[in-house]
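See the structures that follow.
Next, two complexes with chain A in common: one pairs it with chain B, the other with chain C.
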Partner chain A sequence: MKFVGQSISKIDGMALVTGKPVYTDDIALKNALVVKLLRSPYAFAKIKSIDTSKAEQLDGVECILTYKDVPQARFTLAGQSYPEPSPYDRLILEDIVRYVGDEVAIIAAVDEKTALKAMKLIKVEYEVFEPVLDFEKAIGHTSVVHPEENLSTNFEIGLQKEKNIVASHRFEVGDVDGELAQCDVIVEETYYTQAQAHAMMETYRTFTYLDHMGRLVAISSTQVPFHIRRQLARALQIPASKIRVIKPRIGGGFGAKQTGGGDVFAALVTLKTGKPAKIIYDRQETFSCTTSRHAMRIKVKMGADKEGLIKALELQVLSDTGAYGEHASTVLGCVGEYTLPLYKAKARRITGHAVYTNKMPGGAFRGYGATQGTFAVESAVNKLAEKLGLDPAAVRLRNIVKAGDTLINYPNHPLGSSTLDQCILKGQELIGWKDKYPVRQVAPNKVRALGMAVTMQGSGIANIDTSTAEIRLNDDGNFTLLIGATDMGTGCDTILTQMAAEVLETSMEQIIVNAADTDISPYDPGSYASSTTYVAGMAVVKAAEDLKQQILAQGARYLEVSAQDAELDGNVVKTLKGDKEISLYQIAELSVLGTGRQQLVGHSTYGNEISPPPFVAGFAEVEVDLETGKAELVDYVAVVDCGTVINPSLARVQTEGGIAQGIGMALYEDVRYDQKGRMQTNSFMQYKIPCRKDIGTVRVFFESSFEPTGPFGAKSIGEVVANTPAPAIAHAVYNAVGVRVQSLPITPEKVFMGMQELARL
Partner chain B sequence: MLINLSINGKDVRIDVAKDEFLADTLRAQGFLSVKKACDTSCCGLCTIWIDGKPTLSCSVLSIRADGKKLTTIEGLQQEAAEFAEVLTAEGAEQCGFCSPGFTMTVLAMKSELKNPSDDEIVHYLTGNLCRCTGYMGQLRAVKKYLEVLA
Partner chain C sequence: MTGMRFKLLEPSTIDEALDFLAAADVPILAGGTDLLLKIKRGLIWPEAILSLHRIPSLYCLSYEEGTGLSIGALVTHVRVAQSPIVKEKFPALAQACALVGSPQIRNLGTVVGNLANASPAADSASALLALGAQVIVRNSSGVRQMSLPDFFLGPGKTSIRHGEIIEAITVPEPLAGTASVYLKLGRRQALEISICAAALSARRVQGHWQDVKLALGAVAPTPLLLPETASYLEGKEWTSEMLEQAGRSAAALSRPLDDQRASAEYRREMAEVLVKRCGLALIESAAGRNAHE
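The block that comes next holds the complex of A and B.
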């Protein structure tokens, strides 16, 4: 193939690297009002009084808005397809504040300095309540985070707000208890995964203005323009037809920008004042007043027979969703959705709750529950293998789901593709399993050990994600590809163009890609849930095929032969006999400008009832310092089955980046609060993300499969790559020093204390 | 306060506040490649050259830059494009938000270090954070870029 499977540079790459002004704040008008937010210093309180009079008198202050000035429709910031599974539990501003950082007042001024000065002049009196800070004590706590009557959900998600339960989940196949009773070996452990910050380099930002029709335009650094439009319509109580959301270039997302940021605040200012406004969250706000990965407690019970055949797998999950229920029920569900199908146990069950606490909300984060679930399940599998005296790779090879097997999620659809077994075998070879497993002493105080984990994710959300693509043949013979998928650095504008170019047998340069603008783009939920390559990709392929047929038919008509007697060959339609031909340019010109009177437009709306899983086998080599307990990653091998690799260099970097985030989660990233619920890790000084020196070597390989339902055989890659590092590194640390760290991150303190504990025994 | 700057070879005299930082001054002057991402002087996105040395412009008071020679990536388009060719071929720019600052450090390293080892490269560039790529692709690109130059 000419384009698919080629490492083509990102079509916007040159502009990005050479510093062209293409991001939200580069585009915002210079005269935009600067919007700042006064935030709550308390984790849980009621505003008794708020006095903005002094602040309003300050020169340069345009408006100050409080809970008295906002529409009273509760909404969710979660960017999800309608009907959103997240509860409508927040107002733009409210007289109750539910975490340190919750918004109290909106300040709009001519510049940042004036806005900040005004903020200091606002006087607020609070009645402070006892906050719910420990998520394990949230259920039945005397404080109820959301007592309000008008909180609502679109459908039943198991909400019991008087108990602080946002969502409840249960899924079961087979007789778990019956199977467990007959197992020879059982592992029963409790695992904790921490809140993790997305830390994308571009913080949240939105620029809003009214256009010539008086419509609200929001240029937003978002992964979900159509969801933001719906969110703004509900929160501001204006029709969606009066709103346009435009996504420019985005400085990273990782799921963060699947949740709304400052859009509602800037939009409200623009509606109230009629003036352009921009809001830019600083790094501290981004760390402490947006969302993080949901922290979880996951109890795993897993049973097998003596030969290592897994019979039963049970998960009990408690998820901390913080002060608002963004993505609460769905992240909870995905803990099981992407772990239970992986092993062919007869009986599998997940039960769980997501609970409200008075901390920053949880949200969507690359992996979306699967990352948390994978740490727990894979750690348990590694322990099971040890109990059985079997090689952990062999246990997996024995039990993993294979192509043709039935996935529990889709009883009527056999698994279309998987090379996970080859991924495991190749990974073992590349990491040097035979020689290095489990552990070697490399220096008097240093040991090196190996660990492993496998994982799956999905490719879009089955029966929900629906993407539309349009491609038209323009008057001068080039194409415009219209999509609503949101390139946030992932390269989807490029890979979707590759697919279209492949089908249309044209060049990358001949295709103008436009995304995303809710006034122009066909609907797409946005780029999340690993959906873009697979779902939007299929829409693009089908739209391109549709256009190709139309070009052929139109060309044949001009050649006065039937379509069956003609073929499209790159830039010409010619008769099969080869006696006549017409160029694409002529077809375009005749159709659009001339006597044809029909501009050709290919179109497709695509969604699927299945979500084919990509797979990764991850192998870690870790060096542990016996004197300090510090674990350092030496080598990481990830072998990936994402179906057909559409663009190898982009897929490789995507994998390396996901692994790096996983390494951070495994070893040091940790969102922490003090006893009053104030976030302690609200800058890069306190919250460490991996720097260039921390990563060791990460090696990525692909074991391609061919997914029959995917575009050119492709599946997803965006999220699955984040899941293996934590369990693989934890496994390696155990093999190094015998300490099982079951609560992430695996800090030197935990390892060292564990070693001390072992020494005492 | 009025200060004199040379920005990308052009002399300008501009009025800045006493507590204004250079990154904000430069953005206000239209040099929008200069990004801010941390507020704590640790991400490297605002990297420019002051008198040829890579510097965090978010942490330099504009008045301290009076009389200095500043270079942003807008003034090094040819060199930046050469590096961008290699970086984008690896796919290692991803979201690109950190790329201009990163590129400014790479270009400074190129003139400062002769035949650097992998460790020296990593050490020199370590102040430039990136959350997308995991750094491996950037290292591949930098090495290729140095090879091409050699």
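The block that comes next holds the complex of A and C.
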């Protein structure tokens, strides 16, 4: 193939790296009001009084808004398809503040300095309540985070607000307790995964203004323009038809921007003043006043027979959703959704709750529950293998779901593709499993050891993610590809163009790709849930095929032959005999000039009832210092089955980035709070993401499969790549020193203390 | 960036700089890697800051045989880390400077700034303590000089008074046979503030170690010189048991805190390990030197 499978450079790559004005703040009008937010210093409090009079008198202050000035419809910042599964539990501003950093007042001024000065002049009196900080004590706590009457959900998610339970989940196949009772070996362990910050390069930002028709326009660094439109309509109580959301280039998302940031605040200022406004979250706000990965406690029970056949798997989950329920129920559900199908145990069950606490909300984050679940389940599999005296790779090969098997999520659809078994075998070979597993002494105080984990994710949300693509043949013979998918640095504008170019047998240059603008783009939920390559990709392929047929028919008509006797060959339609041809340019021109014409537009809306899983086998080699407990990653091998690899170099960087984020979760990153609920890790000085030297050598390989339902056989890759490092590295550390760190991250101190304890036994 | 508006004073001589300081109490700017962060975080809001960058003499990094090393106020970590003479004569210092932050930070940050900032975890501080460095301070009435233990008063606190400028750090010429080493424990491989750090300097005379100096970082309110532990090691032929004992002694003398980076208990344990490792490293370097000769 000419385009699919080729490492084509990102079409916007040069503009991004050479600093062209393509991001929100580059585009914002220079006279836009600067919007700043006064935030709560308390984790849980009621505003007794708020005095803005002094601040309002300051020269250059345009408006100051408090809870008295906002619409009273509760909404959610989670960007999800309607009906949103996240509870409508927040107001733009409220007289109750539920975490340190919760918004208290909106300040709009001519410049930042004035806005900040005004902020200092606002006097607030609080009545401070006892906050819920420990999520394991949230259920039944004397403080109730969300007692309000008018909190609502679109459907039953298991909310019990008086108990601080946002969502409850239960799914079971088979008889878990019955199977467990008959197992020869049972592993029962509790795992903790921490809150993790997205740490994307570009912080949240939105620029708003009223257009020539008085409609609200929001240029927003978001992954979900259509969801933001719906969210703004609800929060501001204006019709969605009066709102336009435009996504420019985005400097990273990782799921963060599947949740709204400052959009509502800037929009409210523009509505109140009629003036352009912009809000830019600084790094500290981005760390401490947005969302993080949901911290979780996951109890695993796994049973097997003596031969290592897994018979039962049970997960009990407690998820900390913080002060608001953004993505609470869905992340909770995904813990099981992407782990339980992986092993063909007869009986499988997940139960769990997501709970409110007075901390920053959890949100969408690459992996979306699967990452947390994978750490727990894969750690348990490694422990099971040890208990059985079997090789952990062999246990997996014995139990994993294979192509043709039934996935528990989709009883009526056999698994269309998987090379996970080959991924495992290849990964073992590449990491040197035979020679290096489990552990070797490399220096008097240093050992090196291996560990592994496997994982799956989905490709879009089955029955919900539906993408539309349109491709038109322009008057000059070029094409415009209209999509609503949101390239946030991932490169989807490039790969979707590759797919269209492949179908239309044209060049990359002849396709103009436009995304995303709610006034122009066809509907797409946005880029999340690993949906874009698979769902939007399929819509693009089908739209391109539709257009191709139309071009062929039109060309054949002009050539006066039947469409069966003609073919599209690059820039011409010609007869199969080869005696007549007409150029695409002429077809294009003839389609739009004169009477009785019709411009050719290919179109497709695509959604699927399944979400085919991509797979990864990850292998870690760590070196552990026996005297300090410090673990360094020496080598990481990731073997990926993402179906057909549409663009190898972009798939590789997705994988490397996901592995790096996984390494961060394994060894370094941890969102921490003090006893009053103030975030301690609100800058890159305190919040440690791995630096280049900590990543070591990450080696990425692809074991392609062919997914029959995917575009050119492709599945997703964006999220699945983040899941293996934590369990694989934890396994390697265990093999090195015998300490199982079950609470992430694996710090030198935890390993050291674990070794001390072993020495005492 | 919020609040980053100030007047920049740029004197071209030290006397001119002292005049500015006499007129107003403004912060001194070297590489700015600590100072600008403080301003950005809103911890201080200076109207003006005094940059030393136009004072040529402060860029001087010089060594004179028999006297020792002089590190001017604007000498960056990268220059010290890469200097052949520092690597040869003052290896602990070269190692410490090479472990500061990242290449960007080492290109901007200065050794003097590192000391003046007075973080208990400052990398160059414990190395310079173990090397017996002196701080040369200028004020309107002349020059005063002090040893590092007198210089550090507490976290962020030094004995520099308003109106004074540190002109240089001097490190005395090591006696023949001296070796030194700096070891740092952090979580990341770079851009890391120490959980614990140790520096050891001593010279080998006929199989015995003399003039022992030991310092620890990040285990007390200031970088900590440990004369008691050093005197235990003084004049002896070190064994690993002895070094372990020294480690325990150093750990007992340290006064670490629990913070986000580590618990006090772990820090004490690590002080023990690092002290022992510093000793072993000196033994190894001496063995290496003998093998060369």
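By our rule, the second predicted complex is superposed on the first by the 758 of 761 C-alpha atoms of A that agree within 3 Å, B and C clash if a C-alpha of one lies under 4 Å from a C-alpha of the other, contacts with A are read in each partner's own complex, and residues count from 1 in each chain.
As a working rule, a residue touches a chain if its C-beta (ideal position, glycine included) is under 8 Å from a C-beta of that chain, and two chains touch if they have at least 3 such contacts.
Predicted, not measured: the structure shown is a model, and the values here were computed from it.
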So in the superposed three-chain picture, is A:150 touching just chain B, just chain C, both, or none of them (first/second/both/neither)? neither
Which partner does A:282 reach: the first (chain B), the second (chain C), both, or neither? both
Determine, under the contact definition given at the top, whether A:661 touches first (chain B), second (chain C), both, or neither. first
Which partner, once the models are overlaid, touches more of chain A's residues, chain C or chain B? B
In the overlaid three-chain picture, which partner chain does A:21 touch, first (chain B) or second (chain C), both, or neither? first
After lining up the shared chain so the two structures overlap, which partner does A:7 touch, if you call chain B first and chain C second: first, second, both or neither? first
Touching A:57, do we find chain B (first), chain C (second), both, or neither? neither
Which of chain B and chain C A:160 touches, first, second, both or neither: neither
On the A-aligned overlay, A:693 touches which partner chain: chain B = first, chain C = second, or both, or neither? both
Footprint intersection on chain A (chain B / chain C) at 113, 282, 685, 690-693
Quick check: in the complex, which residue numbers of chain B touch chain A? 17, 32-35, 37-40, 42-43, 45, 72-74, 77, 80-81, 83-85, 87-100, 103, 122-123, 125-126, 128-139
Per the contact definition, I'd like the list of chain A residues that touch chain C in the complex. 112-113, 116, 282, 627-628, 630, 632, 667-668, 672, 680-681, 685-686, 688, 690-694, 747-749, 752-753
If you look only at chain A, which of its residues touch chain B in the complex? 7, 9-10, 12-21, 23, 25-26, 113, 198-203, 249-254, 282-284, 488-491, 647, 649-650, 652-654, 656-661, 683-685, 689-693, 695, 697-698
Quick check: in the complex, which residue numbers of chain C touch chain A? 2-3, 5, 37, 102, 185, 187-193, 195, 260, 262-263, 266, 269-270, 273, 277
